[in-house]
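Order of writing sets the chain letters: A, B, C and D. Residues in each chain are counted from 1.
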Amino acid sequence: MTSPVLSVENIDVFYGASQILFGVGLEVRAGQTMALLGRNGAGKSTTMKAIAGMAAPRKGHVQFLGHDVTGRKPYVMARQGLAFVPEDRQVFPDHTVQDNLIIAAKKGPQGQDDWPLKRIYEVFPLLEPLKARAAGRLSGGEQQMLAIARALMGNPVMLLLDEPSEGLAPIIVARIGTLLKQLRGIGATVLIAEQNMHFCLGIASDAVVIDKGQIVYRDTIAGLKANKEVRSRYLAM
Amino acid sequence: MDLDALLGCVTSSSCLVTQTTSGLIVGMLLFMVAAGLTLIFGVLKIVNFAHGTFYMLGAYIAYSAFMFTGSYVLGVLAGGLGMAIFGVIFERVLISRVYGANVLMQLLICYAVVLICDDLVKIVWGPDFYAMGMPPAFQVPPLFIAGGVVPPFYIMLIVVALAIGGALSLLLGLTRIGKIIRAAAHNPNMVSALGINTTLLYSLVFAVGGMLAGLAGGLAAPVRSLTPGMGFSILIESFIVTVIGGMGSIGGALIAAVVLGLIRSFGTIGFPLFTEGLMYIAMIIILVFKPSGLFGKEIV
Amino acid sequence: MKPTEPTRRTVLTGAAAVLAAPHIAGAQAKAVRIGMQATFSGPLAQSGITHRNAIEMEVDRINAAGGLAGRPIEMVYRDSKSQPQEAARVARELVNSDGCEMLLDAESSAGSFAVQEVVRDLGVLCIHSSSETSSLTADPKYRVASAFRSSRQGIHDAIVGGAYAAKVADARKLTKWATCSPDYAYGRDTTAQYLEYLKHFKPDIEVISQAWPKLGQPDFTEVITKLIQARPQAMYTALYGGDLTAFINQGNIYALFSAMQVFSVNLADYTALTAIKNLPPGIATGNRYVVTCPDTVANRDWGEAYRKRFNEYPTNWSWQSSTGMRFYEGAAKKAGSADPKKLAEALRGLTIECPFGVDGTVTMRAEDQTVVGYAIGWGTTLTKPPYVADVKPADWGTIFELETEWKKRNGFI
Amino acid sequence: MGRIFRDIAIGILAIAVLAAVPHLIPGKAFQDFVIRCSSMALFATSLNLLVGYTGLSSFGHGLFFGLGTYSFALLMQRTGISLPMAFIATLLINAVTAVAVGAICIRLRLIYFAFVTLAMQMLMHSIIISWVGLTGGDQGLQGGIPRRVVAGIDLGNQYNLYIFAAVVLVIGLLIMRHIVNTSFGTSLRMIRDNEARASFLGIVVWRVKLTVFVLSAVFASVGGIVMSLFVSGAYPELINWPISGDAIFAIVMGGVGSFLGPTVGTMILLLLNDVVTRQTEYYGLALGIIILAFALGLRRGLLDFITERLGGRPAGGIS
């Protein structure tokens, strides 16, 4: 078994005085696509933010590529190869699509340059005709594509996707799903936070379920699908 | 009020040319100071109440460099460079500690710096007022254009200020770093998540803002009196410009600065006793009807 | 800052001396504390500092000669930061807490009126050495029995300036006039009075344009171009200090000073003259302080002594405070005492020898307790030292005559 | 109700102590200090009704302090009315002005509110400077305040003015304390913490904001009246921007989260001013360094700092 790319060990995270995460831990190995499932407010986004360096854990550790990166700033995490796609996409609305991509361009931690603009447009053919349009004027699905493309511009080792399907029409969700399968096909390491388990079915191999700030279940995605009790208790489906 | 005089002026080419250039020169120097102010606010959400002090220190440094080297150009560059460095130190040592804090805390820190710098200037340069004096190259009689009087020095100032303003907008509009700065103004966390060191970026923005104010102080030094506390009136006017133009909008600052310059140059003919009042009333009206200024984005 | 507090030792020895031999005069006698408040900080710090410089010179001289009726002077300096409410507080504190028996008030305009009210409430002896606002002493409404003035007055300047300008205007046929003065009470009042007396002496004057820049305005360009547009033959300005130098520097590049004859009431002060790099020749200016007005040995000696000690020339403020201290000195001599009540009595109508008097003396006029007979005149600028030449001293006979008329007209007498 | 009686008892005690102090220490500087303190503390506490309790950062509150000095001094000089009548008329003038100014300003938020209030103050400052016939322009209102008599007591006498100032301060603070402890005060804090939610819960936000704006203007003008009596006149410096700055510094240094924070801040500021200006002419340098030490060292006002250290939680915060 390969050593994990990311390992989150027993972290506690607070917002002000209120504790959000209680000893959360999970691991993602190279080439693995992991789903972090849970209901609204279960602690998914906070976990993602703690990994991405936007919310420092008060206890516990985050290891990335074998280094302890607990409490590092977001830009440091990004430079070490972690790309974060936030839940509300957060494209730069006044910038054009291409400028959004250019801003994010950088080499990978080992100097990789696998994602030149040309390849991005190949993988995201939808974006090329829109490249001169202000990102704020794109549809939700287009913005999600752009956000993922923007993350790839940084030649990351691993992708963090926070609720990529949220608020999108089913047909668009399907298209994003196809894209993510494509990424999985080329061996990307991905952690997806989702409420929608079905979205993750064809994409992720493994799943952890979070509820009230604690990890309550770990299994393969197929195992989770089979476990009705866990699904109805923690995922309301 | 003297509307006849105003009418007489706008119908005479000599008066039009003279007053327009005089409005432009006041406006362009104001723009350089206000551009830095609005840039810093736009990206860092910091209201830099010490910006007038940057202008003052820039003028004093330029004065000393001019006295030392005898070169006006070197003097101005020294003023700009000095304030770029000062801006970084100011941001790193003080302002970085109050990001996201209440505006009153920012006001407090900036005001402390204003107080300290005014006294430091008094200690280093003395309480007397100084004048740099016109560099020899510009000790020439004014030009007459369409009957209007236009001094070559002011043509140079307008051109230089326009060039700096143009360079700034090209930098922000076309270069990658400029795009990053504008993106950071909108969403600094996301910019950081893309691997960009925002700490460095903030320092850079303060350096640029400080440099602009320092350059303006240096450029103006031959014609304005240098005295401790000289930064205050320019600060107030820059605030009016930034607020009218929309805080965070460089283009808005340019337009508002020129408009303010023209209000003053033609206002002094039409409303000689009420130009100051006009500025405050303009500011109040614009804030009431368009709270974010002419070109500002609605803040959430 | 210079030490302002008496050391414990001087206080103690002073007290001991009083206990042991209360009537022995000389160095051992109890010091007379004089409180002096002025602006020592901010853009106008220069005023307080040059006031104080002159006072230090006088105190050293007076103390070396035996002090005020045998008691040495001890100054207590306080900064009022140009704020009238601070001036009032500081004045009260000087009297109430610091044991000052009299004040030398070096506040300008608003501050001096605030101090005047404190003087009224406390009944303390005070000489104003900075305010030039005529009404402070001329208007009986504001007058206080124990308050005097050793500084020049706006009305005197206006009369003298008007008379001088009328002569020049007559000779050079200057009938179209413009003015450019700071937009506040001092600027407006002196400009109106100046024009009034200019018209008094030369009725065919026409004022075609008036500009009112703000105090401390960084840029005067629009004002300058407005004046040029109006094409006057002559212009009067009451700008002073940093505003005046900025105005002249900015006017220079528009060749303003060759386009019209400029009369600047406040230019002939070294602080302005030395700051301007390219001083245009031929500007008519009233004297603030120059060593050549009055052109006497005493004045030159005093100016040189000041320059030697402080490495710069004195200012208008300097001579006014110096005169204030000389009045205290003269009054003590006349009264044979340093008691404030006796000093006040002695001050009324007192004539003293003074380097700044037009005939070597100045008088504290009894009726309104203000200084008269000081040297006042107009000359024209040179590009190099001594900067001002051809100073025509004013005739105090004319001043008195027109001043009395002015007072009558305003209901002051 | 118990709280009110306790506060009143503390107030009476404070006045009694203050009345006795001058009989124990002879110098008059203490009296001057208390008079100025009364003026500035009322002003600063009134500003804190906006800043600390409602979350409205005004940069132009000095408008009402200055207007208080001018309207009171002018009423005393130009009309024959008695001091108490002039006092009440001044409050009315300020209330009316505050309704007009507030109606325009409270629509704006955050930094824009701050700037428009500052612009209002500067506009009033320019009007006062240019209306020379009425206000004396930059020279200030000259000639002193006549008839400084209340109920047969001459406030021209320093001790009397001192007692008057102390009584006005205590009463003013008691009323403001009562205001913030009522349900109206609760509405203020709800608006500060979450305006949308306050509105959702049925609070008419604009009405509450306008009311507190007018109330704070009225208390600021009381501070102005005390200052006007102290300097026996009115001066444009009392309505210029730095006077607003002084109040802001007082509340930030004393603490916005404690009711007495602004009063403590005022005392710190006045003491600094009085002590530092005696020692050096580099007042700005000294004050600047001290402010930085406060802002970066404590990161909050002194009283808030102490309350937090003692384990309590202050009523509000600004950082």
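To be clear about the criterion, a contact is a pair of C-beta atoms (placed from the backbone, for glycine too) under 8 Å apart; a residue touches a chain by one contact, two chains touch by 3 or more.
Everything numeric here is computed off the predicted structure, so don't read it as measured data.
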{"item": "Chain at maximum distance from subunit C, centres defined as averaged CA atoms", "value": "A"}
{"item": "Of A-B and B-D, pair with higher C-beta contact tally", "value": "B-D"}
{"item": "Central subunit by CA centre of mass proxy", "value": "B"}
{"item": "Where subunit B and subunit D are represented by their mean Cα positions, the distance between them in whole Å", "value": "33"}
{"item": "Inter-chain centre distance, subunit A versus subunit D - centres from mean C-alpha coordinates, in Å", "value": "53"}
{"item": "Centre-to-centre distance between subunit C and subunit A (centres being mean Cα positions), rounded to whole Å", "value": "76"}
{"item": "Chain centre separation in whole Å, for subunit B relative to subunit A (CA means)", "value": "44"}
{"item": "Residue list for subunit C, restricted to those that touch at least two other chains", "value": "41-42, 45, 183"}
{"item": "Multi-chain contact residues (two or more partners), subunit B", "value": "118-119, 122, 273, 276"}
{"item": "Multi-partner residues of subunit D (at least 2 other chains)", "value": "130, 282-284"}
{"item": "Interchain contacts (touch definition) - all pairs", "value": "A-B, B-C, B-D, C-D"}
{"item": "Contact footprint of subunit D on subunit B as seen in their complex", "value": "47, 94, 97-98, 101-105, 107-109, 111-116, 118-120, 122-123, 236, 239-240, 243, 247, 273-274, 276-277, 280-281, 283-284, 287-288, 291-292, 299"}
{"item": "Subunit B - residues contacting subunit A, complex", "value": "176, 179-180, 182-183, 186-187, 189-199"}
{"item": "Residues of subunit B that touch subunit C when the two form their complex", "value": "5, 9, 12, 14-15, 18-19, 21-23, 25-26, 29, 118-119, 122, 127-134, 138-139, 141-142, 149, 151, 153-154, 220, 222-225, 227-230, 232-234, 261, 264-265, 268-269, 272-273, 276"}
{"item": "Of subunit D, residues touching subunit B in the complex", "value": "51, 57, 59, 104, 107-112, 114-116, 119-120, 122-123, 126-127, 130, 245, 248-249, 251-253, 256, 282-285, 287-289, 291-292, 294-296, 299, 318-319"}
{"item": "Complex contact set, residues of subunit C against subunit D", "value": "1, 4-5, 40-42, 45, 48, 78-79, 81-86, 88-90, 92-93, 96-97, 109-110, 113-114, 116-118, 120-121, 133, 135, 141-142, 183-186, 188, 215"}
